[in-house]
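Chain nomenclature is as follows: A, B, C and D, assigned in order of appearance, with residue numbering initiated at 1 for each chain independently.
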Amino acid sequence: MDFRSDNVAGVAPEILAAILEANQGTSSAYGNDALSQRLDSVLSDVFETRVKVFPVATGTAANALALSALAPPFGAIYCHSMSHIMNDECGAPEFFTGGAKLRPMEGALCKIAAEELDRALASEGNGDVHNMQPAAISISQTSERGTVYDADEIAAIGRVARRHRVGFHMDGTRFAYAIAASGAKPKDMTWKAGVDVLSLGATKNGALAAEAVVFFDEKKAAEFGYRRKRGGQLLSKGRFVSAQLLASFSDGLWLRLAATANTTARRLSRGLERLGVPLAFPNQANAVFAVLPKKTCAALREIGFEFYDVDSGDPVTVRLMASFSTKTEDVDRLIEAVGRLKSA
Amino acid sequence: MDFRSDNVAGVAPEILAAILEANQGTSSAYGNDALSQRLDSVLSDVFETRVKVFPVATGTAANALALSALAPPFGAIYCHSMSHIMNDECGAPEFFTGGAKLRPMEGALCKIAAEELDRALASEGNGDVHNMQPAAISISQTSERGTVYDADEIAAIGRVARRHRVGFHMDGTRFAYAIAASGAKPKDMTWKAGVDVLSLGATKNGALAAEAVVFFDEKKAAEFGYRRKRGGQLLSKGRFVSAQLLASFSDGLWLRLAATANTTARRLSRGLERLGVPLAFPNQANAVFAVLPKKTCAALREIGFEFYDVDSGDPVTVRLMASFSTKTEDVDRLIEAVGRLKSA
Amino acid sequence: MDFRSDNVAGVAPEILAAILEANQGTSSAYGNDALSQRLDSVLSDVFETRVKVFPVATGTAANALALSALAPPFGAIYCHSMSHIMNDECGAPEFFTGGAKLRPMEGALCKIAAEELDRALASEGNGDVHNMQPAAISISQTSERGTVYDADEIAAIGRVARRHRVGFHMDGTRFAYAIAASGAKPKDMTWKAGVDVLSLGATKNGALAAEAVVFFDEKKAAEFGYRRKRGGQLLSKGRFVSAQLLASFSDGLWLRLAATANTTARRLSRGLERLGVPLAFPNQANAVFAVLPKKTCAALREIGFEFYDVDSGDPVTVRLMASFSTKTEDVDRLIEAVGRLKSA
Amino acid sequence: MDFRSDNVAGVAPEILAAILEANQGTSSAYGNDALSQRLDSVLSDVFETRVKVFPVATGTAANALALSALAPPFGAIYCHSMSHIMNDECGAPEFFTGGAKLRPMEGALCKIAAEELDRALASEGNGDVHNMQPAAISISQTSERGTVYDADEIAAIGRVARRHRVGFHMDGTRFAYAIAASGAKPKDMTWKAGVDVLSLGATKNGALAAEAVVFFDEKKAAEFGYRRKRGGQLLSKGRFVSAQLLASFSDGLWLRLAATANTTARRLSRGLERLGVPLAFPNQANAVFAVLPKKTCAALREIGFEFYDVDSGDPVTVRLMASFSTKTEDVDRLIEAVGRLKSA
């Protein structure tokens, strides 16, 4: 009964089938195979505009490489203080950009507000050589706390990016969950709202290891092939990564998998709320942040539930995350156990 | 009839089966799963010493990260002028080391001779701040031209490395082919000969995407976990990469696959030699470098044979490479076609 | 009447004389001249311990290179949010370290408190590969707001550094002012308090262009010569930089110059206080941070006073900085003018 | 009697006078002073076109920063195998460019021939992501062996640069000697011949520490201010570096100093030739490369002559270099001593 993350799940059967099917005969290496050649077209359909797609092996690489396309080594990247690029990638963005600085922003619900960004960017020493130069904004969709930006919020940030002439990156390692939850169109959450580059994840949504860097502005992709290669992210048997991406994105599988996880998380959040368990963040996608006494947590772990603490208080906020494969009965067991422990 | 490379092949059935089998239930992410935890032990058995293993997604990353563990940013790395790290990784070694310099060495059969290295290292301005400091030697086993270092040659290089107090790296993206061809023990080709770090490939030998950085000197691995993470090479669903490595290395599959390819390449080289086709390099593993008139090459391509030119002369040297899945009948067809075109 | 900074001043006559005197005959380049060879010894006397000294041309380089000796590319460096390395060096620390991250700390009087550091370091994911690893603490003496750490405060930070096994760097671009103001011994402010490396400035205290990176722990200096050279900071006619450093540090000139500036600043701060002008920070060395109506500032500038605003409010905090060459009569004129404008 | 280098000399009196004169009152820091503001104009006169000038403290920094303006981290820079950037800067070009690769070229007289460059650039995998991408050509004027490119040779290289769309950098740490020796106009040796960026040295020609990065194509300078600052090369008391550059370049002093050195070197090379001493390279500027028995060298050193060996043979090639301050009588003494030792 593992609620630690959506990446503790295995591979969705449809994606595994696509891998097996890709294993026919020989094919050109390094992304010149027939499957990889279809990626631009399939994702252009998803986003209803012409996109340029670069598959990579990890979300860390997708983010760090995408940022390196937007920020020079002396650039500053504005992101939420709780964001993955700020805290969880051991400096990959700094490494791939050649030394750019991440400027942490605060913001409610783990989201950055456009007005705050506008203020921060306006106060920067733009053009002053002593200052790192504002180069990009990066937001996470869904955020590190499972919340979802709506299209208007993103568009407002996009306008700030344009006003200050900085790039706009979206860490979409869990983009599927945001689209499935909101029902928004992918285009309205991205390029129509001003996003230049999207790290589009599949791994945390049922793939084996497949992430895509999606450029909406082809000019910004000019150097990307070289950056990806020297970054060690050009896979030789590229067809197997592309097969995963095609399986995910060509017929809506990504949204079906994400919707399943979101529904499961919703069942869990509702159940906990009925028991009076406070949520630290509203459940908007596939994560539930519940506030529980440490004693309860210990008891839950004893009977086989797995999950992460996100702070060290008592009561503690824990993260309970659903994937496509999380079982409804495990959710019900968890709710039942919390209820029992509460009244004990 | 595709002789371009061993990476145009698909995935060996045994390795695909291991991936399927790994797809059970949930497991810890980022290399903390049960399969990943077995890697050190399985590869310690292969190398008959205690090793520390770090799986990564690409050979480029394996090499560049391994070198970053040996060379400081102001270090010089000695390698063959035809080596992969010198020519085919778009600067990944320079990137991951933070700016180290590759010093190209000449050497017959695409191998570096220990005496040449000794001379080169002795002539360096060791300790002179104007000079990049000798930091590592890197050799490829098999080499870019399909030749194989024997254990004595490696040991001689290892002694040079020790004498000049530099690290010793082996690019073993095709290590399997060298072991299968020579019958040498893995240990005699590596740590017993002074190798500190090995990039051990599986992808070019039947895996989907799985490479391992193997440290024989655990002290040199101290920072590697951080370097791998910031390098974007810590896979979240690590079990699937580890499953490939375990399937390859736990019961000798890697050697059976490589031996098959070597045998196929041998059949091809013998066939061509019988026809009087000159070989630019002796066939020692899974690659054949044949010298053919350009007209012959064009005719071969017309009837469906695929292969790469390695120079632009006429006659031209072409690379014909076998993998575990190359068919004997394709080899025979190729020999037959060359014979026919020759006598035409 | 220029109160903008201590670096708008020229060169002290004694230091200029030393440059002229150094201009005799030929001498070895790149720091192998007789003057440069005396630096270690002269500064070992100043610090009453054996030090290793590396002259460089700028404070930015001194700081960034010093930090590169303490922090690996995946390291985190703890510094005040208002520090120069954080805000005013266009990413030089990130560049020279190869991508380390600066972690901004808050703290009263522009100083970091040891307990805060202890808490911050204890809460870090030490050993977790997803986290940049705590590598160094950096404090500025004097601080960006002209305040002075006392020896006990530094020693408390030094103990935190030791406890968490991180390096301890001091940005001493204005170290002279702190020593002159406090009367403390250089050793008590540095190595005895746990400082590993000091960026020791002379430029802002009467030199032309001369900074020194001073290592108290020789082992940490092992690679520094290479880093300095590749960082473009090994001056060919090194004798002229060393001459400045020797003139400053061999007979107490640095303290006499600094004391002059401190006295001037004290005269100014007292004069302003007498007028009821609030100070944003206590005057402890050669800087005065006064809070003045914007109208007053405009009027002062109109009659020829120069100084910087440090915020954009009204009243605004302005920085008034004295150097060895600031004239007492200019101070008196400034006080008089403020008084007049106030009562107008 | 020191013939080791032109950087063992002191500072020319005119340049020292300019430093003293600059030491008046206060002035804006970081290159915003009145002297620094005149640099563009004075050097635009020298080059008879509009240039953008960035003073820095060392030749290493000038070269490495200039190259960082031309080459991306995945770029290749073509230079002579004996060039300073290749051998003597401990990897500064790799560091400042973020990992670009230097491609060594051979060429007679320590110069690169345009046709060789054309061939090398044509054979590169331009557009192939596995290859570092041709980004710049860098030549040294004068070369490391004291030879001088004529304007036609440079223009031919310039045409190759244009044809292959790569930048063109000139390491002009000794540019003065080439102009003084050839009588060519600065413009004909630089922008008219296709040079984009020049590292223009003054230190090796009588300055204390002053180098200038000169951009002929202003667009290529757009980011340079940031790169210089983060590279630790923006001097706070910039007026003193600018004063040196102005003294050198505003009234022809640079050419007078260089001509003096060239004449001295010519006297030396003629004297040695009369004695039958072979020269390894023709004397074209301020360096003489003489081939002498090791015994002779030892004897010369014993009686007080200083110079460097450039190889380790017997006879050995030694470098004898003149500066503006090298005395004619020392040259005559050297010739006399060689003659005496020869006939002994």
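Criterion: contacts are C-beta pairs under 8 Å (C-beta built on N, C-alpha and C of every residue); 3 or more make two chains touch, one makes a residue touch a chain.
For clarity, every value in this text was computed on a predicted model and none was experimentally measured.
Engineer: In terms of C-beta pairs in contact, which of B-D and B-C ranks higher?
Structural biologist: Most contacts of the two pairs: B-D.
Engineer: Going by average Cα coordinates, which chain is farthest removed from chain C?
Structural biologist: B
Engineer: With centres defined as the mean C-alpha position, give me the chain B-chain C separation in Å.
Structural biologist: Using C-alpha averages as centres, the distance is 51 Å.
Engineer: Could you state the distance in Å from the CA-based centre of chain A to that of chain B?
Structural biologist: 34
Engineer: Taking each chain's centre as the mean of its CA atoms, how far is chain B from chain D in angstrom?
Structural biologist: Spacing between the chain centres: roughly 42 Å.
Engineer: Please output the residue numbers of chain D that touch at least 2 other chains, ranges allowed.
Structural biologist: 73-74, 89-91, 94-95, 98-99, 129-130, 226, 229-230, 234, in rising order.
Engineer: Under the stated contact criterion, what part of chain C meets chain D in this complex?
Structural biologist: Listed in rising order, the residues of chain C that touch chain D are 2, 4-5, 7-11, 16, 19-20, 22-29, 56-61, 64-65, 89-92, 94-96, 203-204, 208-209, 226, 229-237, 240-241, 306, 325.
Engineer: Would you mind writing out the residues of chain D in touch with chain B in their complex?
Structural biologist: 73-74, 87-91, 94-95, 98-102, 129-132
Engineer: Taking the complex as given, what residues does chain B use to touch chain C?
Structural biologist: Answer in residue numbers: 30, 72-74, 98-99, 129-130, 133, 223, 225-230, 234.
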